[in-house]
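Labels run A, B, C, D, E, F and G following the written order; every chain starts at residue 1.
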């Protein structure tokens, strides 16, 4: 029974990661890919960790697994935030179907820091 | 497995050397870092590979026979940390080099010799 | 202007990282970890803080100079080899004492652990120094 | 117990100096006392070893092939003593020569860091540990060479750091390859095992990697580029220190390794290394002859002279090896001496360029003497030690039947003489150039340091008999590796 | 050690999971090589970090050595700092 | 005594919150996963400004992170006065509903735990 | 007193001279001369013993391990030379003390002279080849310092350099020769070597040793084609020319040949080489002296000629020849020393040494005229001066030469005729004839300047008058050491009418004839010189040095070109060639390819790392390279985990992240970089890189497939918990088993930290 539960957890976690990876390939702009990575991947990891804890029911394993989960939740969004923010500053091309950009509005109102320069368009990412 | 990892080590050394031969000083440092990786891996692979038996004593009978060789691991750890120190210094050196000479082109080093 | 989110996160992460680095340092003799890893973690704590708040604020938030910290680590590591001399053993021979023997919290302390503390401080000090040096603006 | 001190004392001194880095006067005095203590200690060790034979220490009490063993044989002791003496002289020289900013920016602790690494490399009996000491030494030298951060210095350091790093990488890689096959790191143990194997199909590849690493550090042909590219950039006191210690570690290691590990294919190694030695001597000296900067002449010269040491080593008779050791010692002293004298020239005239120098023979006769003696020693003029080094090398070479390389060694002597005399003719004999800046005062301490070294050079020549006796014993130990192996492992 | 003959299902799960992660690694590689923007490439590092956590867990299951989890902790704790560094650098580039 | 009680209460709320959050997580994850693996695109992306009233920094960071961890939304930035956050949302069918959901469900629960 | 002490005293004196000269003032010369005079007394007292055919030896342990001693060996030949050196030396010191008055740095000059004296004495009394060589080189160095006395003049520096390089070259050859000579004997003691020529004669080393020793002797004694440094050395002050470059140092080569004659001599090759080079040098020296106008240059070329004569005589090796050599050596030292000192005096009095600008000095300088003329009489070989005895013996020796007798005789005849011609010229043209205009009124020089010439010339006269009583015993004792089988021939002024006398007469006549028609002779020889010898040897030397410098400069800029990446490329290219050679020499590896042990996921990780590495290499973006670096770090830590390295994986990840941060922080400051290399360069670099990568790969395979011994790490596994109380074996190794490594490693870290701190600190200073 336990073997089955663990196996399902493991497989579903891996599938989540796979979906995230597919998302990274398929999704249309950097923000959406970030979504896929921060969430699906983290969730996958969490599921797999659950499998480990169930299979090795020791305190130390549980604590370590919990630490992984906590730290993923604590750090992954920060990293994503930093990258998303700078992507917005860089005016990384966005995909279709955007319905609003209130962040840009705030920047235009000078409420937010959003460094803009004339060369924005000219930045050749490869040469940076 | 050995062959695969040997190929990997070869590629890493090759890339490192190629980077070292570039003109950009930053690539030079990158090359040094890569050399460090390649060497750490070499130390690890050349001394034999053991899967699944980390070098921890767990009070199990006969575990030391199957346990992976801890010595190269310790050596690599030492080498990694030394590499970190030297690379950090090299990075600051590059930074200073640029701020003083105003160039990152290594070929401009040739003057004055 | 640095990200507010990052600043809040850094303020929260630093103590976590420091405590964790101490744990890792202590566990090192029996579990993964030790002076290097602990030291790297401690250094990372301050690097994170410096990335969020800048170097000068970080420097102000600590009361010691990283150079001194590095040297102190070195000194501790060096001195950890000395006790062996008093018992007539070669330099750096491990000397151990057991606290709270035969109790639940039995604690084995030895000069190798002290040595690891030296490693810990040196590595962390060096990382801080490098970062402070390069990031200054 | 005393064996651990050559490493631990410099470390302790370094730490102490880091803590006190703001108090310049204390640093100066303390380093002087400390380096004197180190010199005294090494002399003591030398005396001990020549009386009792090889000394060993198992660190941490772990037995020989497992823990790290420190081994001091005569060669190590000789190298230790010479190195610490050179450092002592440089420590006397530095306060009057190196600018205050550099002095307070970690110069003194770094010198002790360097010494720690150099001493460690001299006395360790463990290959990986040797790598670690190499790194300690190199990192210190990286910093020392870049200390001050002028554009020229940075240019030199980039080259120096990169090529040294590459050498270190070869070193570690070789250790990995070697450990993978032999499963040991203890040098005596490895040497012992190598002698017990019927054959060792792949060991020589690892040895070749070691050789490349050491010849980069020792600046052998064609791996020497970093040396002339960087040695002229830092203050000459630092260069002098490097010349007296750093490149010689490469040679020391090569001696040790050649003695212990060249077991198979000896003829190949011998011929190969003799060719390298010959090319090194020749190319180095020819390049030295073309230069006009005192420091560059001397730097190129280091290369040439390393060729002699390798030659003596590779001939590998006790006589030739003894000659190589004596030559190395002489070179450490004389080379440092010429660099320091070059520094005095600079302090006095503000230039190292022969084109802008002149008249020093008349204006500073004593300074002229301080250059003349070590320079003539390098040129192999009797009765200075350089002559005896050359004499015994030639003797050893001819006696071993290696006529060709010995002939090359003799011929190179002429160009060596030429390049030394070139400095003399231009800087000392030529009349003062018109637009030379007003001479500045040479500090008494630097003069004293230079004189001390010159005195040592002279004494090394005067007491060639007793010194040669010791180097001969060292060579006997080195040419019979079983002595070393037995001392470390305690087995036959 | 998990062997197919003792734990057939779990063994399958581990290998299946390895397969998923492997495919995902190549997906990440694809994004790393094609970009198009720099942040696109940088986030690949995050993806790979997560995948590595997954791989570590697989090794824990395969070998029965939970000690490998320590590596996952380190990854979870520190990898985001790389993002911060990249972000700071890119921001500076934009400002110039 | 009261302190112990409030502490226990907070723990209780935390557990409740974790339950709630896990449910949200699974649901929205499945949604996003579905969207990714099916060819048809449901997305209505955009950057939304969401005002927040949390005082405690820990609460703020928790909110920011939990928003980011929820599939479909990603915190991009925060105003220097910590009063507004900017979210990149993938499914902005109804902006007000989106803001409401964050404010009422996430923010309130977090406030109960931390403030 | 003994020789060692004497040399020691001289060395001490040479060291003290620079400090004492200024206090002693005019007394310096005579006072310094006390030491050599004491030496003379000592040797004269030893003379009776030596005359009995005994040898005085002294030996001091020097380098006992190699049986090298500081030995002295005083036999008849040695003592003759010693007396000459000390005697002339004493007078030179007196002479120089006065002569150098107007010049600066007199103290140093005197010191060098005395140093030279000690060295020269050392050569002739050495009882050990190494001892002799040490003194030999000391003479070269002191000669260098003395020739360069007027070092502010470029020609003085060139001449000094030239002399040093030529004699230095010879010295090096000599060193080789001596070492080879000593090999068959196993010792360098002259007493052993001179006792038995057999070991070296029968050794294959004879010929190389001989050639090397001859190179040493020929360069020192200015034999063709190394002669040119000697005329160049005339830029030195006259005391130097008199002492070093006529009477003593240049004789060192001749001395050496004579000294080694019992061992090396009397072989076919010895005869051929010595007579050939000796004859050529003799004739050539004479020929070039004809057209010279500088007093000292004339004397220099005649010295070259005389040295050739001596070498010729020693090479001939017959009884008469050896006798002639010894006598001529004495003769030449006496008259040439005088002549050089007189040349100095004349220059001092008149301000010139150009003989075309000199004339009619007899009135003002009668004593000088007589002294110099007497010396010239000796040079011309006219009775009753000792020179006559010498010349007679030369004719006798050459007429009895075993090979090429007539050719050599002709050469000797020509040379002697030239000497007669020059003697006439130097005496008549300088002291008689039309008086030239001088800047100041000349007068007979001071006593100090004349003492040497007078005594030497008187000695020449005395020995010439009573050859059988005074000169013969000296020759007799010398000849037993130079040529043990031979005895001295009777010396007398009058031999009766024979071929030799006829030759003498003919020589005088020819010399006079040449003087009579000197204008024609000078014209013709001048035009011949212009036509065939326009490029002087010394010019050739200078050109050679320049060419050498040019060549080295070019080579240096080619090798040490300053392009860092080519340095690196050389290192890598050579390294890969070397390692590939070793791989090729070893057995091929037998690989058991087992694909079953390749887990697919690891293959994927490896592919990932390779792809990342390649993209880091190819990409023009440094950010991408850094991302790739991060990916590689992750990949490597997975490999570590797959093979049980937990601490490694953790450290790798952390270091990785920190490295990325540090690198980004540096990139933060660096500018964009837009220059890309050409495809050719990329191909070349790629080739080198793949060679390195490939050999590393093969090495890993080699190491991974061979296991020669059981690894020592089993000990660590056993002892980790039981003895070092730790379960994490890796950590226990780091902090206990191999703690010293770790200590070194944190030292590296600390030093790097300190370095970074210093660099930043110093850079701030500059900005402020």
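Criterion: a contact is a pair of C-beta atoms (placed from the backbone, for glycine too) under 8 Å apart; a residue touches a chain by one contact, two chains touch by 3 or more.
As the structure is a prediction and not an experimental result, all values here were calculated from the model.
Chain D has the Cα centre that lies closest to the mean of all protein Cα atoms in view. Put simply, the chain farthest from chain E by mean CA position is G.
Computed from the mean C-alpha positions, the centre of chain B lies at a distance of 28 Å from the centre of chain D. Note on chain placement: the centre of chain A and the centre of chain G lie 77 Å apart, centres being C-alpha means. Distance between chain B and chain G, defined via averaged C-alpha coordinates, is recorded as 50 Å. With centres taken as mean Cα positions, chain C sits 31 Å from chain A. Residues of chain C in contact with at least two other chains: 1, 3, 5-6, 9, 12, 30-33, 36-37, 41, 44, 47, 51, 67, 70-71, 74, 78, 81, 92, 94, 123, 126-127, 130, 133-134. The residues of chain E that reach two or more other chains are 21, 25, 28, 38, 42, 44, 58-59, 64-65, 67-68, 70-71, 74, 77-79, 81-82, 84-86, 88, 90, listed in rising order.
Residue positions of chain B touching 2 or more other chains, listed in rising order: 20, 38, 42, 46-48, 51-54, 56, 71, 75, 77-78, 81-82, 85-86, 88-89, 91-96, 100, 106, 109, 112-113. Residues 7, 9-10, 12-14, 16-17, 20-21, 23-25, 27-28, 30-31, 35-40, 42-44, 46-47, 50-51, 53-54, 57-58, 60-61, 64, 66, 69-70, 72-73, 76-84, 86-88, 90-91, 93-96 of chain E are the ones touching chain A in the complex.
Of all residues in chain B, those touching chain G in their complex are 1-24, 26-27, 29-30, 33-34, 37-38, 40-42, 44-58, 64, 67-71, 73-78, 80-89, 91-96, 98-100, 104-107, 109-113. Chain E makes touch with chain G in their complex at residues 18-19, 21-22, 25-26, 28-29, 32-33, 38, 41-42, 44-45, 48-49, 52, 55-56, 58-59, 65, 67-68, 70-71, 74-75, 78-79, 81-82, 84-86, 88-90, 92. Residues 67-68, 70-71, 74-75, 78, 81, 84-85, 89-94 of chain C are the ones that touch chain D when the two sit in their complex. Against chain E, the residues of chain A that register as touching in their complex are 3-4, 6-8, 10-11, 13-15, 17-18, 20-22, 24-25, 30, 33-34, 37-38, 41-42, 44-45, 48-49, 51-52, 55-56, 58, 60-61, 64-65, 67-72, 75-76, 78-80, 82-87, 89-90, 92-93, 115, 117, 120, 123, 125-126, 128.
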